[in-house]
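Two complexes come next, and they have one chain in common, chain A, joined by chain B in the first and chain C in the second.
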Partner chain A sequence: MPVPEALEFFVDPARCIGCNACVQACMECDTHKGQSMIQLDYVDRRASTMTLPVICMHCNSPTCAEVCPADAIKMTEDGVVQTARKPRCIACNNCVLACPFGVPKMNTRMGLMMKCDMCYDRTSVGLKPMCASVCPSQALAYGTRAEMAALRPNAKAVNTFQFGNQTLTTKVNMMVPLHTRTDHVDVTAAMHEPTIGQNMLEDVFDDVPVAGDA
Partner chain B sequence: MIQKGNPDPTELELQTKPPDGRPQAEQPRWRKDFPIAWPQDEWISRRELTKFIVLTSGALAVGQLWIVFKSLIRPRGRPFPEEVVATVDELPVGGAKTFTYPPGSPPRLLVRTGRWEFVAYDQQCTHLQCPVVPQVELGRLHCPCHDGEFDLKTGDVLAGPPQRALPKVTLEVRGSQIYATGIEENLG
Partner chain C sequence: MSRDLPTPPLELETLQAFGPHRSYSDGIRVDSGVVPDKLVKTHCCFCGQQCGMQLKVKDNAVIGVEPWYEFPFNRGMMCPKGVKRYLQQGHPDRLLHAYQKAPDAPGGFRELPYEEAIRKVASEIDRIQREHGPNAFGILSGASLTTEKTYLMGKFAHMCLKTSHIDYNGRLCMVSAGAGNKKAFGVDRAANPWTDILGAEVVLIAGSNVAECSPITTNYVWQAREQGAKVIVIDPRITPIARTCDLYLPVKPGRDTALFNGILHLMIENDWLDHAFIDAHTVGFEKVAQEVKPWTPRRTAEVTGIAEKSIRTAAEWWGKAKTSFLMHARGIEHHSNGVMNVLSTINIVLASGRLGKPNCGYGTITGQANGQGGREHGQKAEQLPGGRDLGNPEHRAEVAALWGMKPEELPQPGVDAYELMRKAHQGELKGMLSICFNPVVSLPDNNFVREALEKLEFFATIDFFLSETSRCADIVLPGSLQEEDEGTVTQVEGRIIKINAAVSPPGEARQDWKIIQDIARALGREKGMTFQSPREIFDELRVLTKGAVIDYSGVTYERIEENFGVFWPCPSEVPEGVPLPGPQGTVRLFEPDAWNPVAKGKGPFYFADGKARFNVTPYKGPTEDVDAEYPHILTTGRVVSQFLSGNQTRRIGPLVDYYPEPKLELHPRLAKSLGIADGDWVTAESRRGTCTVRAAVVETIRPDTVFLPYHWGGRKSANQLTISAQDPISKIPEYKVCAVRVRKAEAPPEYAQKLEPQQ
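Let's turn to the complex of A and B:
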């Protein structure tokens, strides 16, 4: 049963409070055997408390699947990129290294790449994914676009990412400030910046207006 | 969304967008053969299935014909050399030893079944090549792998999975020496 099209996933890193609830809730999901698929990233741990949850963005051009030599990573008809198919996965780690967002995780004990599949057992029957159902600040939110627009008047959803020369459109949306002029997020823009004390916002959304500009 | 069944999903647009962003017509052929979309990946067209069946059964038929051909051109009745494989005193009654005949062959088994009676067979069971064990008091050769039984007098199958009798090495006792003179393959 496909994931309903009206319901979408929205990630808003600015709302993340770093509570790790999503990481814990992810373990409860039945589709990846008690292993958490969410990684809570610390953006600049020394200078800031800012964190952001990393879930699979479900690209329309999944780099993990493109690099898979065993043809093991498949996308279901509703655009959800699934964990590698066990009979095919050769645990080569290509997907882990290739993913622009750092999502796939290699389970060496099982010899299987497992990744966030948007809690396919839940979302395919219209339930929220585990992480979105527990997130207290709704940095991970799951609902309709109309709901989101009403709840977040100062943000807009962007689902286009630039990864080198590759443009990715994703099923999962990233919330960015409403008046940002760019329509995409450059995944690698800040790659070569030293992290300590940098204001990453300026690099990722190259023209965030100063206060009052909008 | 791609429906299962008709229409053939491999004829539809690729569900995923190739990383170079070029249209589907310019994409290499392997992209259609290894689609990322699950329904397209699982789809087997009638033509593909027919191709698979024809090719595999064709390969099977060719293999069988090859075996027939090989067995037709295989030299038969090639004279075997005579070779001393043991001396009479070497084995007690009921004793056994392995030897190779002709040299470099798989191991053969020589068994002394009576005072002047010797038999020799291939040591490899005709089922899956496990070594057989002589059980002289029971008058048979036993294969422990799958409980195959062979007659010690003739090499014929008595029980178990083997379908063919053990190839027999013909022996001749001259004086105190035992000569191997040939191999009888009874393909019965």
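Let's turn to the complex of A and C:
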């Protein structure tokens, strides 16, 4: 049975209290018991108690799968990106390095990339994933778009992300304040970019004296 | 430099034999596709939120947890402790037998057949009471027990042992709130269901680290904000709930009464008052108005250390709101002026008139599982079941009649748990039996507490793991985990809920109520102590509370399960013309036309005239203020992954891993002046003890204050430092303020090499 189309995942880091319930609950997921696929970090504990839970965003066109040389990362028809297939995964780490959200983890003991599969054992039978079930602040929430709109009138769900020249659309939504002009979370717009790559080369040529000038 | 400060023993052999060791999921608990034999609907064994959950059971073992989406309070939500609580069951440290102290045995204890252990306990109780009188033996009990057990403990002490000396660990927890509520409202229960938080215009959180200590309440607060609420947080630390609040008031620890007096001053000055409510439903407003007159914003700012502008904003938001919810917890209650702090918050609630109506609420957040029910039915020093008073002749007569004894046979009111320790230390108390209490970790100045217990002629405990306190015992009886017994608890909202047994006790371990009755039988005093099941105990309690303030008479196990809990008061009978409460009992207290057995229809509050009381709240600072010798304020509290003294949670591996050892939080400004960097070993020293832990340098705490969580024992215990000063009314200890000096440690502590983080 596919994951019901109406049910979606919503992440709202502003609500996160860093309690670790999602991480603990993730370890209870039937497909990877004892191991959590969620990364929960303090952004800067010295300055703030702010924490950020990272789950797989389940990209429509997943970078992890695109860079996989062994074609080990599959997506279900209902758009859930799965852990690498054990017989195919060569533990090359390409996916770990390539994912712009930093989600896949290499389980070196098993020689296998593992990641969040949105509790496929639960969501494919209409249940909520473990993390979104337990999350006491509902920073991780699972339900319909209409429910979310009714519960959170001051936020909107965004699922397009810009990483440099790469635009990603995801199955999982990020909640952002309603009254802002951004229609996507543009990482590069907020970046201080050091002079590397193409820019650096241009600088080098600019500084090279043109023959005949001297 | 420093005097000789006490140092707890490392007890390496005991730790090796009895833990705490860390347990992780393995075997069947990590196998995929295992189908449990059954899912047992029950509630968490830890805090007062009492999240509904389902335990997965296979072959008499709890193998995991499944959300219980239908339970309305938490709808499947759980904190990390709830998710991992199943790892305490089947734990390698679990006590499977009775033990006797034996210095030559490995770990210092030798196994003892259960019946022999019971006989020894009974014969020592009998000897001590015959030689020194009934009051020479004392009982320590706890609020993590079911209500049935707490009732039985009170009956055991008052009827069976006829000792005045019983008290419980709620003395460390709910007593300031309870005393304040009784003084102001005549009844002690959170006034509102938590759904009233949703739709409140202002949510004021005073001294409550909601996100870490009562995580499920977070979603109520965030949801209220989605619907337009402004959230005000009062705390010396920017806890996770304070991080994104609308107004943060960084109160200097111990100055809460001053702040609330200052807020009431501004409410009066600006006439942000509900005169109609004050006139119709309260007494004492004029005196309180006089008391707060000198509390100008300027003076309030000077005393509380909060910017004057923020105090004015808080008063304006609170004053002008049409609906509101005020909640507080140990942050304002753990003080030698704890009851005054509570009463000063109640004064601003009463002045606003926002009580007894939808979205107009007030409540204290309970700490332990049965923080509410555990303070209702007679295990408190001064109490009889139904919230009755042991010192009240009418109440004594009512209870004595139902117990089949003469009122004069009941002992007189006793003393609080800390005073029991002082009596033990002085030699007045000769023996004690403790259950569900770990005072060697949880009481302040706990090196004194260990000394006191060691002076007892006889000390016995009922425990499931060998706690730091049980290490002091002569006999340890193997009790039951929450999942091994059934019964009721009353959660944060005053909702009575049902705990269901998932598995049976292992080895020679027994349900606690059986152990207590076995002792009574061995004493030859089994009268009234021959219950066959928790249901029988509950049925006796129901009858006994009929007509009392805390009336459970209309509550049955079936009614609880059919309605997702029943809120008390829930009488079985009411006078003619008074409506019986609905299936869920009395969900909201103090509704304008509510009837209660004290006011008898004169008003919604539990006094003869039906009116609430304003109480004059003079400000008094903390008992031990900072000085040149001890210049820093120490405040203590909790972290989300641990619970209370850690006897359970320090054995659950994944919880330990999240926050392995206590860290001293201090502000970078203070750290710099002391030459301390993040991660350094630092020593905090008070007049009572010393503690060396690693530093966490964070900007989320007042620079004049340091914070240390209290879940660890021995040399890592924060309560080596804290002061045993107590509130004169509630007798709660002052955990939230004492004076310390902090310095960079000369060397890592001895324990760093020898102990695991949880030990």
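Heads up, the rule we're going with is that the second predicted complex is superposed on the first by the 185 of 214 C-alpha atoms of A that agree within 3 Å, B and C clash if a C-alpha of one lies under 4 Å from a C-alpha of the other, contacts with A are read in each partner's own complex, and residues count from 1 in each chain.
As a convention for this text, a contact is a pair of C-beta atoms (placed from the backbone, for glycine too) under 8 Å apart; a residue touches a chain by one contact, two chains touch by 3 or more.
Source: prediction; values computed, not measured.
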Problem set entry | When chain B and chain C are modelled together on chain A, clash or fit | fit
Exercise. Touching A:Thr31, do we find chain B (first), chain C (second), both, or neither?
Worked result: second
For this session: Tell me which partner A:Gly18 touches in the superposition: chain B (first), chain C (second), both or neither.
Result: second
For this session: Could you say whether A:Pro153 touches chain B, chain C, both of them, or neither, answering first, second, both or neither?
Result: second
For this session: Using the touch definition from the top, say if A:Val134 reaches chain B (first), chain C (second), both or neither.
Result: second
Exercise. After superposition on the shared chain, which partner residues are touched by A:Gln82: those of chain B (first), chain C (second), both, or neither?
Worked result: first
For this session: Compare chain B and chain C by how many residues of chain A each one touches, and report the one with more.
Result: C
Exercise. If you stack the two complexes on chain A, which partner ends up touching A:Met175: first (chain B), second (chain C), both, or neither?
Worked result: neither
Exercise. Just chain B (first), just chain C (second), both, or neither: which does A:Lys74 touch?
Worked result: first
For this session: Just the number, please: smallest Cα separation between chain B and chain C in the overlaid arrangement, in Å.
Result: 22
For this session: Overlap the chain B and chain C contact sets on chain A and report the shared residues.
Result: none
Exercise. Contact residues on chain A for chain B in the complex?
Worked result: 2, 60-63, 65-66, 71, 73-79, 82, 166-167, 169
Problem set entry | Of chain A, residues touching chain C in the complex | 14-21, 23-25, 27-28, 30-31, 33-34, 45-51, 128, 130, 133-138, 151-155
Exercise. Can you list the residues on chain B that touch chain A in the complex?
Worked result: 1-2, 15-19, 21, 34, 36-39, 41
Exercise. Which positions of chain C touch chain A when the two form their complex?
Worked result: 24-26, 29-33, 64-65, 67, 69, 74, 76-80, 82-84, 211-212, 215-216, 218-219, 222-223, 226-227, 238-244, 640-641, 654-655, 658, 668, 678, 696-700
